[in-house]
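Think of it as A, B, C, D, E, F, G, H and I in the order they're written, each chain with its own count starting at 1.
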Amino acid sequence: MSVVVRTIARLLLPWVLAFGGYVIMHGHLTPGGGFQGGAVVASAVALVVIAFGAEGLKGQKNLFSFLEDLGAIAFVALAFLGIGSTFFRNVLAGGGGLFGTPVPFGPNPGWLNTGGTLPLMNWAVGLKVLAGLGSVVLLLALFGGKEDG
Amino acid sequence: MIGELSFGVAALAMVCFTFASMIRLAIGPTAADRAVALDTVNTLVVATMVLLGVAFGQVVLVDVAIVYALLSFVGTLYIARYLGGGL
Amino acid sequence: MGNFAFLAAMLLVGIGLWALVSRRNLIKLAIGLSIIQSGVNLFLVSLGYVRGGVAPIYTYAPPGVPMVLPTPQALTLTAIVIGLATTALMLAFIVVIYRHRGTLDAGKIRELKG
Amino acid sequence: MNIMVHAPILAIAVPLLGAFALPLFAKVHRNLRDLWGAAVAGFTAAMAVALAVQAFTSGIQVYTLGAPSPTDTVVAGGFPIRIMLVVDALSAFMGLITTVLGLASLVYAWRFLREDQGKTLALTLFFLLWAGIYGLEYTGDMFNFFVFLEITSIAACALVGYRTWESRPPEAAFKTMALYTLGGLLVLLAVGILYGEYGALNIAYLSSKIRGALVDKVALGLLLGGLLMKAGTVPAHMWAPDAYGEAPAQAAIVLVGNTQASLYGLWRVLFTLFGGALFAPQVGWLVVALGTLTLLVAVLMAVIQVDLTRLIAYGAVSQIGYMLLGVGVGLTVLSGRPEFGLVAIRGGVFHMLNDAATVGLLFLAAGAVYRAVGSKDLRALGGLGHDLKWTGGFFLLGALALAGVPPLNGFASKILIYQSSFQLSPILAAIAVLGSILLLAVFVRAFQGAFLGPRLTKAEPAPLSMLVAMGALAVLVIALGLVPGFFLEHLVNPAADALWRGRDLYLAAVLGG
Amino acid sequence: MRWLRLGALLLVVGFLLGTAVWLRPFGSPTAFEMDDYFLKNAQVEAGANNVVTSVVFDYRGFDTLGEATVLLCAVVGVAFILRRVKP
Amino acid sequence: MNVLIYVFLAIGATFNGLGAVALLRFPDVYTRLHGATKCTTFGSIFSILAVVIYGFAKGGGEGGTLAVHALIALVFLLLTNPTGSHALARGAHRGGIRPFRAVVDRLEERK
Amino acid sequence: MGLVTGQGYWTPLIWLALAAGVTALAWLFWSRGRRTYKAGTEQDMPFLSGERLPEGVHVGSHHLYWGFVEGLKPILDRLVGFHSGVVVDYVAWTVVLLAIALVVVLT
Amino acid sequence: MCKAAEWALTAAFSLAIYLLLVLWTGSFGLWSPAEFIAGLVLAALAGLVAGRLLWERGGFRMLQPHRWLLFLFYILGPFFWAMAKANLDVAYRVITGRIRPGIVRFNPGLQTDLGRTLLANSITLTPGTLTVDVDDATGDFYVHWINVTAEDPKPEQVCGAFPTWARRIAE
Amino acid sequence: MTLWTVLHILTLLGVLAGAAVAVWLKDLLAAVIALAASSLLLSLAFYLLQAPDVAIAEAGIGAALTTAIYVLAIRKTRRREEG
């Protein structure tokens, strides 16, 4: 693409990343969450692919698959955290501690350190989704490329 | 304070314009015309979403517009690049 | 006409089915399935709507207003990602089929018949 | 922590975890990956078997995900809000079938898959598919059922496209994928309709609420359409020969398990969700008619096949017809509950087990043939019995069993179906017997064409791990044939009872009281 | 054949539209005790302001696990289908 | 304040409508892009500015969040919209679409 | 070990005993057969409808049941026509199945 | 050294964006420690990812504050005015349908990527002009002009004082 | 017929129109563009149904990523629907 698109893509990249992080991190307070934020960040990958070409990201395929497995394992591990009572039990919520600040009922401005395992799961799913969707775009873009048979 | 309804009326106008753009999307002779119509629809929908965020009285809804403004750009770029024969 | 959202969703499903049975192009097939997916998603979300309700988010929510039902939204969220996954895999198959056959016409891709 | 309490979820979550971690282990070392896979598979199988023992001996197992305790199924007010896994005798029975097929597939895949053809990814997909089938069978929630349906669809289709360097497998995979996606969407639509009417997703709770309005009937129709398609019933069975025929052998037998899980979902919908009696006669007749049509059409198509795996695939589709016939007869007479209805359901359910073992054995043998010769075309094969003695023997055994030759297991379940369907209508029994006879002819032809005659090509015998997998299934086939009463009494009867009059127990286990 | 498939299509779509009409009125659910429970208790039980998130990750977390699995399936499947092999 | 919001909303709606009309009336891709980009961007700026004014006037956490997020949406629009148009025009030209009744086409001459 | 089918009774052991008896009978017949049989002469040539087959030819399986397939040709041709290999047709058949299910359920 | 600087600057940029987003969230708003720590972590990651791409070959020219002020002034002043004129112009042409289109070339003599981008986007949003292509090597601008008055125009004829502004801001 | 109902019906009509156009057009790229527009309006419909989570997901996945992978797939195959 032309210099205009490349420059704008460059400029937009921190915005997209910060906004995707915001969407993931505030998933339990505002609309959004792991999937949506992951999709936003994955579209950053798509942006880089379209603006700078897929060849530059060729070496990152392994990284993406690693991150995806990591996210999936983290998600299952967080689900296993509650197996003392049951699988998927939200053991951290409401009990004090880092993510366990209790929330009163009714409209409120929201605090980041609530929600028990939910923010952590958001992160795990976000990691997984961004790596997964990013690598889908990357794989489709790289298929049939120059060296590829 | 101003009534939220006026924002709703403005949003209604935007949706009507979106509909008008959809006509170009349907009849546009070339794919490029349709892509232009898509771009217009994107912008209009972003404006609609911001206005409706006020009209519904929920600030958290504005986040959707931001995502929208960001991501429709990516779609447009893909279409434009394909039109130009790159990719 | 009261149920216009349900009607629109079902019409979307109908348009998708029409695409499936009347077009003979593989990518059109994928597009038709995407449209059905959209219709089903729209149907699910419409099920949760409560007249005059606000989004089920307590951050800065206007007090004293009913909220729409959250479960259909959660289901739709899942369904959307599933739809994307399906679409991606189908397009990958289409690309591979095109590489082997050089065509996207469903009427010509019939090595497996009988 | 009592591990047995958590057995239902461990049987699903552990293979999922195994699949997630498999690529990471593969990056470290191949042997580590194999070790991890074996450990995960062993643990999963142990959990499934233990769960089955528990379900058969001490009744329905309920596991509520995320609740303070696994048995906290309902909140104050008497309605369930969380996803739960409900394992009754039928689910446990299906779990056993899945376990057998999965283990056989894994052992077979050990040497069947080649490293340079993407073994790690194939194993990952296999574990995902396996876990998905378990989830399909154990879940007690409609939307969760849909999610697992999609998992199995996607994983199965990806596995069907294993041989991407050939032109036929991607085509088969795409066709399967299109139909599976459509079926899944129909199921989702039905789930949406049910949710809209009753505001719930739990099968038991929905079942206690459903009153048979027009909208419910549309939902039932959509569920029937989606699940019958996924099971491979005749007007929409065309994906099955393609997918079975082009999939590698180790994937084909898990696909058999997948199909049977869809059938299980159909039984669950018809007998538990819709209360069985509600629409029983005409829906039962629909299932019977489609089953009869399926077995006839599939067998007739099998007569003219020249591709070995495709021929077996048509045979497998015809077996689906027998299962539909058996359970359909039971469904038709469910409201009156005469004795032969239960016998028919037993026959249908028993046939699922027999079909899994037999068709699995046949597919594995055909896979060994393909590996040895590199061709599946019956016109080019011949005389393989000289080199592949064991494989030929296993193939013959499976063929005879599938055709229902008396001492083997196929006959044991088919006779139940014949006799009970005879009491409903003699024509059904006649068509069923005709189907069996034609099937025998088909498989005689296949065996003669592939294994008998002078030696045409030099074939390399199957390696040990593949023979072990086939041997295990062969032992199962012989055991099921020689002592059918034992299996019937301890495995099939509880499962059939769960269909026949187990709905009240199911509802009581979930909703309490 | 052509008429058969057209007739079947019209029949199915007709039934679906009939369902849409005969379903409960849009905007006023009749059975919502489960959702009511979520709206009342999710904030206290799961500690999240966004009820949808608490449904997605807590009450129906298993669905989300399945969905993540579907995504992994699709990604592994795409990598599997588009992989380079030497037959 | 109220008057300002009304005026801004009216300007925004007018220019957005103008963009839609331009999209329908102009003869070819490039001229349509002219209308679509300029008018809708300008109109959206005013619409969003109305929201921003409303948010700041409302004050408090809610209004502030509204205003800032609307501003961020505006920034994204200003960054992406002309770039998208430029990419589309470039793609269209490379794809072989010639400007309608062009008196001069230097880009074509370059090739 | 056996199983009750509602009208009858089936156990494979009886069948096995019967099979053993038949085998014994067959062996009896075989043992009293012609003594002049010699392996390797033309006596063990395959006999197929009176045709003398050349050595080393395999009767392909697709040649079996030729008459049967010919007789059923109208039906089989129509069935093969249904399995047309076009994915759109398959989807259409699924829709037809769905329509059938809906009609049956709603009656 | 340069890499570390890029990383740090990108991280700071991302942190600023993040804090802008959460300005009024929570009971403490911007100064909630939780938000701040989360923003730091996020910014570090974003810097790691975007740091390589954000900066144009080690040019930290845009860090000088007077350029920001100029940019702000430019956006609010001449640019906004030109944009308003542009819209009236388009309105006029929509109503009358009087157009004389063409693609012209001119060279404003800008060197940096950012300057070219700024000028291109300004041109796109202002009267009667639309950037179609920018030549990477020579810096030629190809502009679709809706009312061609000169076939080989000077930059001033097409876009007024914008090149000067772009040079002042970005070079 | 309140204001919201009118808005809602208009949006849904837009979605239906986009979907119908996507099926109708022979040019696959144009069909994908129409699908993207339909998806965008569907996101607006979700927004009107007070489902911002779903709207974000649909915008992110339907507008950007689905378009991207469709365009990539068309790029690897062909653009015209033959026959």
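As a convention for this text, a residue touches a chain if its C-beta (ideal position, glycine included) is under 8 Å from a C-beta of that chain, and two chains touch if they have at least 3 such contacts.
Not measured: the values here are computed from a predicted model.
Any chain touching chain C that also touches chain D appears here: A, E, G. Common neighbours of chain A and chain D under the contact rule above are C, E. Here B-F and A-C are compared, and the pair linked by more C-beta contacts is B-F.
Note: the chain lying farthest from chain C is G, by mean C-alpha position. In terms of their C-alpha centroids, the spacing between chain H and chain I amounts to 30 Å.
In whole angstrom, the spacing between the mean C-alpha positions of chain A and chain G is 57. Taking the mean of the C-alpha atoms as each chain's centre, chain E and chain F sit 35 Å apart. One inter-chain figure worth recording: chain B and chain I are separated by 12 Å, centre to centre, where each centre is the mean of the chain's CA atoms. Multi-chain contact residues, meaning those touching two or more other chains, occur in chain A at positions 1-2, 4-5, 8, 11-12, 15, 19, 23, 29-33, 35-36, 39-40, 43, 46, 50, 65, 72, 76, 79, 87-88, 90, 106, 108-110, 129, 133, 136, 139-141, 143-144. Within chain C, the positions touching two or more other chains are listed as 4-5, 11, 13, 17-18, 20-21, 23-24, 26, 29, 46-49, 54-62, 69, 71-73, 75, 77-78, 80-82, 84-86, 88-89, 91-96, 99, 107, 109, 111-112, 114.
Shared interface positions of chain I, defined as residues touching 2 or more other chains, are 13, 32, 50-53, 55-57, 60-61, 64-65, 68-69, 72-74, 76. By the contact rule set out at the top, the touching chain pairs are A-B, A-C, A-D, A-E, A-F, A-H, A-I, B-C, B-F, B-I, C-D, C-E, C-F, C-G, C-I, D-E, D-G, E-G, E-I, F-H. Residues of chain A touching chain H in their complex: 2-4, 6-11, 13-15, 17-19, 21-22, 25-26, 29-30, 48, 52, 109-113. Across the interface of their complex, chain A is touched by residues 55, 57-63, 77, 80-81, 84, 88, 91-92, 95, 99 of chain C. The part of chain D that touches chain C in the complex is made up of residues 143, 147, 150, 153-154, 157-158, 161, 164, 166-168, 170-175, 177-178, 181-182, 184-185, 188-189, 191-192, 195-196, 199, 201, 241-242, 245-246, 301, 304-305. Contacts from chain A toward chain C in the complex involve residues 29-31, 33, 35, 106-110, 129, 133, 136, 139-140, 143-144.
Every residue of chain E that touches chain D in the complex is listed here, in rising order: 15-16, 18-19, 22-24, 29-35, 37-38, 58-63, 65-67, 69-70, 72-74, 76-77, 79-83, 85-87.
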